[in-house]
Structures are given as C-alpha cells and as structure tokens.
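Please find the structures below.
Two complexes follow with subunit A in common, the first pairing it with subunit B and the second with subunit C.
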Partner chain A sequence: MSAYRAILAKDLRVELRTLQSVPAMALFALTTFVLFRFGLDRESLSGSLAAGVILATVLFAAILAINRLFVAERDEGGFDAIRLAPVDPASLFAAKATALVVYLAALELLALPAFAFLFLDQWGGLPGVAGVLLLADLGLAATGVLVSAIGTNSRARDLLVPLLLLPLIVPVMIAAAGAAAPMLAAGGPSYDDVGRWLAILALYDLVFAAIGYAVYDFLLED
Partner chain B sequence: MTEGVLVQTRAGARSPAVDAAVRLRALRRTYGDLVALDDVSLDLAAGETLALLGPNGAGKTTLVRILATLLRPTAGEVSVLGCELPRQAWKVRGRLGLLGHEPLLYRDLTIAENLRFQAALHGLGDAEARIAELLGQVRLERRADELVRNLSAGMAQRAAVCRAVLHRPPLLLLDEPRSHLDPEAARLVEPLIGPCGGSTRVLVSHDVEASLAESDRALVLGARGEPRYQGPSTGVSPGDARAAYSGQP
Partner chain C sequence: MRLSLRNLALATTALLTLAFALIFFSAPNDADQGFIQKIFYLHVPLATCALGGFIVAAIHAIRHLRTGDAIHDARAYVSIHISIIFGVAVLVTGAIWARASWGKWWVWDEPTLVSFLIVFLLYCTYYPLRFAIEDRDRQARYASVFAITAGAFVPLNFIAVRLAQSLVHPRVFATAEGGMTGGMWLAFGASLVGMALLWMTLVRFELVAKSVSARISRLRRALDAEAPVDRGSRVAPSVPSSSTAAG
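Showing the complex of A and B:
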C-alpha cells in the first residue's frame, strides 16, 4: 500500500509541477468542442448526439495522457527503480490507473461546464452525466494503463496506443453513451434503462481491472 | 577460459561455495541472433568484490541487469543472495543496489523527493534520518530541494549513489559508478560504494588497474560475451586482462 501511495503521490506531484497532461487534455477538449460546434452547425445538442460528442471528446483527450503515462518511467529509469524495489507490480498498475482517473476527473471538471455552455439548453442531466463519465473513467484508466505499458517500449508507441486502445474501449463508449443519452434528452433528463448500461460499464471496469492486476507483472518483465 | 584458483579475499580466507552471494552456471543471454553472454560461470562470496572487465559490447551491462533481476537469462543458472533467478526475483529485489549508466532519478522531483520515493518503495522506517545522513556524506544536503533536472552530471551521480545505497543493500551492482565524478566527489562516495562499505560488489569499469586493485575476483569477458578469465584478481595483470578481452593470446 505504501508503494501505491508513493507512486501515485509522485505522479500527481510531477503533474502539478510540470502541467504536462491535464492542460493539454483540457485544451484539446475545448478545441474539439469548438470544432463540433462549427462542424455540426448546431447551437444545441441533445440525446445520443450530445452523449457521443462529450464521450468521444473525453476519450480522445484521454489518449494524450495515456501516451504520456510512462514517459518518466521509460526515459528516466523509473521502471528499473521500481522493479528493483520489493514492490508488487499491481501497485504500479493501481497507482497509474488512479492517477489517470484523477487526470480525467480534472479534465471533466473543466470540459463538462464548457460542453454544457456550448451545446446544452438545459443542464439538469449534468450531475448524472458526471457520474457516468466517472464510471467510464475507471474502465478507460484500467485499459489505458495496460495499453500504455504494452506500448511504452515500442518506438511506435504514439501509433500503438490509439490503435490498441480504441477497439478495446468500444464497449465503454456504447455503455456510457447508452447511459448518458437519456440524461441529455431534449425534454429533460430521464433515467429509464440507465441502470442496465451502468451495470455493463461497471462490469467492464471490473474485468479490465482484474486483467490488469493479473497480467501487469508479465508486461513489466523484459 | 582460464579458471583461477579459489581464493584469498581481502576480508580473509573465504570459500565462495560456502556462502556464495552470486553463483552463475553456464549463463547465456541472447538478443535475437546476437549472443551477449556465452557460458559464463562464476562464484562470488559474500563480502567480495568482482571486477567485471571487457570491451564495449562484451555483455557487462547485460550481466549486471541479469543480476539485478531486470533481464532474464536465456539459459543457465543464476543465483543471487541465495535466490534462484528469475524464479525468486521477488525475494531478492530490495536487497540489491544498482548504480548504472542512468541515475534512475526523476528529473522533475528534487533530490530529497526522489530519495523519499525510493525509501517508500523499500519500506524504510528511518527514511528522513537516512536521507540526511547520506546527503551529508556526499555533500548534497544544501541541494536536497533542487530538481534533479537542474543538477550537473556529477551531482546527479552523487544523488544516484545515495539512491543506490539508501536501503543498505547487501549486494551492490556498480556499472561505471564513478563516471561523471571528479576526484573529490569520487572520494566522497568511496565510503558508500567502495570496498570498505561491507557489501558484496560487482564492479564494471573501464579503469582496469583500479578495478583489479579494489577487487577480490575478476571476470574478463571477450567481445562476444565469452569468459576469457575468471578467478582471483591477483591472478591477472591489467595488461593480461586487456589482452584477454581484446582477443590477443
């Protein structure tokens, strides 16, 4: 547990000091919203279209952070330093996934109001959408850390991460969009059938967290 | 391969077979078709120092990384501090100190933050006192709150020495440990990584004379990772060691 806390605290401290991930993600998200606004030529969005815009934006912004997740470990020998310590590799997996969830939550704290301001006529469904995004973040983080670890020693990692991540994350997109769409309905938020989609999201989160826990040790070996 | 006789150590008579800190048998490591280490066997007793010599590309760093549990051998047996690698790597991690080509320090953390991070990974109880003691020894106490990215190479290497010995490891793996250090800095780190520190040491250096002078045993590797000499360091002269790894008779 102390290794988990140490790695997480280290990552958050470095991010606060360097601001390498979250500001880039936020800027990317805002730019994407502006592009959607002009590309779709719509002043307001609702339902599945609104859910698709916010979720796709968060997913693509997440790739920026996922690509950078192990940069310090790779370039500054952090992998070796951690592997030389009596640390369960699952601690590294859990700490990195938690850090990614924190980055995504920080992104959404900025992006969700901007999205609402640019696209929504009424904001009643936003708390529910925030909950859906948080659940999606868990799956995105578990999958993202795995993919980032796979890609980290590859010279083509910038290509590899999205190529591996995007197909894996399709179930998250479907379930999260299914849950968020009625919350963003034109006539006001509805919560019919949301439970089923949230259950699918939670199941995905659990499955990928378990896979990460099980295989992370092997990913870190030479 | 030349096999030396066993062995009169600096600490007194010792038999590597009794309490071998490092034991290699027919170790081989390849990268695809490239053979990095070929049929390397060795016994190193606890408290001894091994001088690991050879030309560039001879597999010295590969051997150090195998001993550090960071690389798996392709074939052969490796035992470190009584643990068979790679099967029992988890048991030996935390008892090794590695000082290699890279300082293994995060550039956007300060020296003290890096050492606290390492202390947490190793579960050190007396972290702050130990960090203060080490930084004092290498005269970095006033730089403790400076980011590693702002340090000179020599200062970063001094900080890396602190990192490597922070958890008092019984086995030190030292790959060019004095690189970037001026004579004064080298003198400062000597009590921590030198022969008087009490740890078993594997020492990689291109300074053949100095390596042999401060070691009990020597392993000289040829250009293809094949052992050319293995035995007491007194059994090989610097000239012979250079001749052995350059392939001369």
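Showing the complex of A and C:
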C-alpha cells in the first residue's frame, strides 16, 4: 500500500512539475471540438450527437496520456527498480491506473465546461454526464494500463496503443454514449435507460480490472 | 487419444461433403427468403467456430502463462490466425446474406454483425502487436496477455452491443432458429460439426507446418555451421533464412 502511494505521489508530482499530459490533452480536446464544429457544421449539439462528440473527444484525448503512461518507467529504469524492490508489482499498475483516472478526471474538468460553453443550450444534464464520464474513466484506466504496458515495451509504441485500445473501448463508448445521450437531450435531461447503461459500464470496469489484476505480473517479468 | 492429421482431414472432408449435400438437397428452402437463406448453414457455423476459436486461444494463452511452455503460445497464435481467416469468411457471407435479405451490404442495427466486426477488428491487431516485439519470450507473453484480454472481451462486447439495441429490434436469429424444422437442424448440425473439424484440421496443419519449418531452419543453420566453405561465404552471413525456396 505504501508503495502504491509512493508511486502515485511520484507520478502526480512529475505531472504537476512537467505538465506533460493533462494540458496537452485539454488542448487536444479543445481543438477537436473546433474540428467537430466544422465537421458536423453545427453550432449547438444535443442528444446522441452531443454525447458522441464529448465521448469521442475524451476517448481520443485519453490515448495521449495512455501513450505516455509508462515512458518514464521504460526510459529511466523504473521497471527494473520495481522488479528489484521488495514490493508487489501490482502496486505499480494500481498506481498507474489511479494516475490515469486522475488525469482523465482533470481533463474532463476542463473539457466538459468548455464543451457545454461551446455547444450546449441546456446545462441541466451536466452533473449526470460527469458521473457517466467518471465511470467510463475507470474502465478506460483499467484497459489503458494494460495496453500502455504492452505498447511501451514494443517497437511501435505510438502505433500500437491506439490500435489495441480503440476496439477494446468500443463497449465503453456504446454504454457511456447510451447513458449520456438522454441526459443531453434538447428538451432537458431525462434518465430513462441510464441504469442499464451504467450496469454495463460497471461490468466492463470490473471485468477489465480483474483481467489486469490477473495478468499484470506477466507484463513485468523478464 | 487424437486422430492423426490425415484422418482428421479425411473426416473433415467427409462430414463437410455430407453437410453440403444435406444443405443443397435435403434442407427445405426458407419460406420467406428462399434459396439464399441456405447461406445461413455456412455463415453461422463459420461464425460460431471463429468465436469458439478465439476462446480456445484464450485458454491456450492461460496455459502458456501458467506453464511457460512455448507450444501453448504457438497453439494460441495459430488458433487466432485460423479464426481470423474464418472471420473474413463470416463477414463476406454475412454481407452477401444481408444484401439478399435486407437489400443492403451492411446493416448497422443487426447487433450480431456489428459485434462480430468489432471483435474481428480487435483480433486483427494481434499481428502488429506480436511483430512489434522483438524479444521472443516477451513477444509470447504479451501475445498471451492480449489473447486472454481479448477472449474476455468477446462475450462482454456481445452483451454491450446487443443491449444497445435489444429494446428496439427483434432478434433475427431467435425467430429464425425457433422456426427451424428437423431437416434444417440436421443440415445445420452437420455443417457446424464439419466447420469445427475444418478449423481443427487447419490449426493442426499450421502447427505441423510451423514446427517443420522451424526444424528445417535449425538443420540449415547446423549445416551452415558445419560447412562454412561450401556455400556459407556467399549466402549464410547476411541472409541466413532467405534461401528457403532453394533448399
């Protein structure tokens, strides 16, 4: 547990000092909003279109952070240090997943208001959407840590991470967009089928957290 | 315990011939769709075998991580490989069937089709993943991790995609299978078992081919090491394995 806290604190401190991931993701998200504005030729969005835009933006921005998640560990010998240290390697992966959730939450803290400001006429559904995004972040972090660890140790890192990640997060996209769409409906938020979608998201989070816990050891040993 | 590859191939041929005979001559034409519905006997068994193959690959991958034996990794790899080839056939037959019965080559609101496409796309990344990692052991381990992750993804994805539509759209297969007669079931069962045997034959064949070619290149290396004067000076140093066709 103390190893987990130490690694997490290290990662967050590094991020605070270098500002490598979150500002880049936020900038990326803003630019993507502008692209959607012209690509869709809409000045305001609602319903499933709005849900699709915010989720696609967040998921793509997440790739930036996931790409970089283990770079310091590989370049500066963090993997070897973890293997040498008398701590459970699970703490490394748990800390990285938590850091990723923090990055994504920070991104959403910036991107969601910007999205609402740029596109939405109705702001009532935003707290609900924030909740959906947070639940999506958990699944994204569980999958992202696995994919990042695989990608970091391969030759084609920047290529492999999006290739592996995008199909894996299709269920997240389906469930999160399904839950968020009625919340962003033009006539004010409704919460019709939300329970079903949140259940799928939670199932996804659980399954991939369990898989990550089962296989992380094999991504580290050498 | 297991059939030899030759007998397995013979059994596959016999059963698939029987299945095709049943499909074309015994199974009745569908009342709505007519003759084109018979692609069902090809499409559904292929899809079942492809998905089953992905699950089999995940089981081999678990064994590989447990034991560290490279043979399980090879089995997982070949299982995924053959299942992807089956997957291409599934998508092609599915598109033909969709065109014939719904008038469009691709239908986004048919959950089974969409789920299969997503799974197929995911497994296609197995090759770039594998070949982007140079170290043999690590390649095998990471490929197994992928095979397990993707294996768990298969059912999860089907649940998510199906739920995405279940309230709006009736399930095509529930009605299609509910209305199947005995003759249709017989043809379908024969075809399913035949396809499963075909899958097994191809996997076994590929595994044998792989181990033979590994043995040949080992022998060739040994030969090159023994007689460096003979041909080694010209061929061996730079491209040790490119003379496969000549050998």
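Following the convention adopted for this analysis, the second predicted complex is superposed on the first by the 222 of 222 C-alpha atoms of A that agree within 3 Å, B and C clash if a C-alpha of one lies under 4 Å from a C-alpha of the other, contacts with A are read in each partner's own complex, and residues count from 1 in each chain.
Criterion: contacts are C-beta pairs under 8 Å (C-beta built on N, C-alpha and C of every residue); 3 or more make two chains touch, one makes a residue touch a chain.
The structure displayed is predicted, hence computed values, not measured ones.
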Assess the superposed three-chain arrangement around subunit A: do subunit B and subunit C clash, or do they fit?
fit
Which partner, subunit B or subunit C, is in contact with more residues of subunit A?
C
Is A:Ala85 touching anything from subunit B or subunit C once the two structures are fitted on A? First, second, both or neither.
first
Per the contact definition in the header, classify A:Thr18: touching subunit B only (first), subunit C only (second), both, or neither.
first
Going by the contact rule set out at the top, does A:Arg74 touch subunit B (first), subunit C (second), both, or neither?
neither
Tell me which partner A:Ala214 touches in the superposition: subunit B (first), subunit C (second), both or neither.
second
Using the superposed model, measure off the angle between the directions from the CA centre of subunit A to subunit B and to subunit C, in steps of 10°.
80
Where does A:Leu146 make contact in the superposed view: on subunit B (first), on subunit C (second), on both, or on neither?
second
Enter the shortest inter-chain Cα distance between subunit B and subunit C once the structures share a common frame, rounded to whole Å.
6
Share the list of subunit A residues that count as touching for subunit B in one structure and for subunit C in the other.
221-222
Note which residues of subunit A are touching subunit C in the complex, please.
146, 150, 153-156, 159-160, 163-164, 167-168, 170-171, 174-175, 178, 193, 196, 200, 203-204, 207-208, 211, 214-215, 218-219, 221-222
As the complex stands, subunit C meets subunit A at residues 65, 118-119, 121-122, 125, 128-129, 132-134, 137-138, 141-142, 144-146, 148-150, 152-153, 156-157, 159-161, 163-164, 167
Along subunit A, where are the residues that touch subunit B in the complex?
2-3, 5-7, 10, 13-14, 17-18, 72, 76-78, 80-87, 221-222
Touching residues on subunit B, where the partner in the complex is subunit A
68-72, 86, 90, 93-94, 96, 98, 100, 102-109, 113, 117-118, 120-123, 163
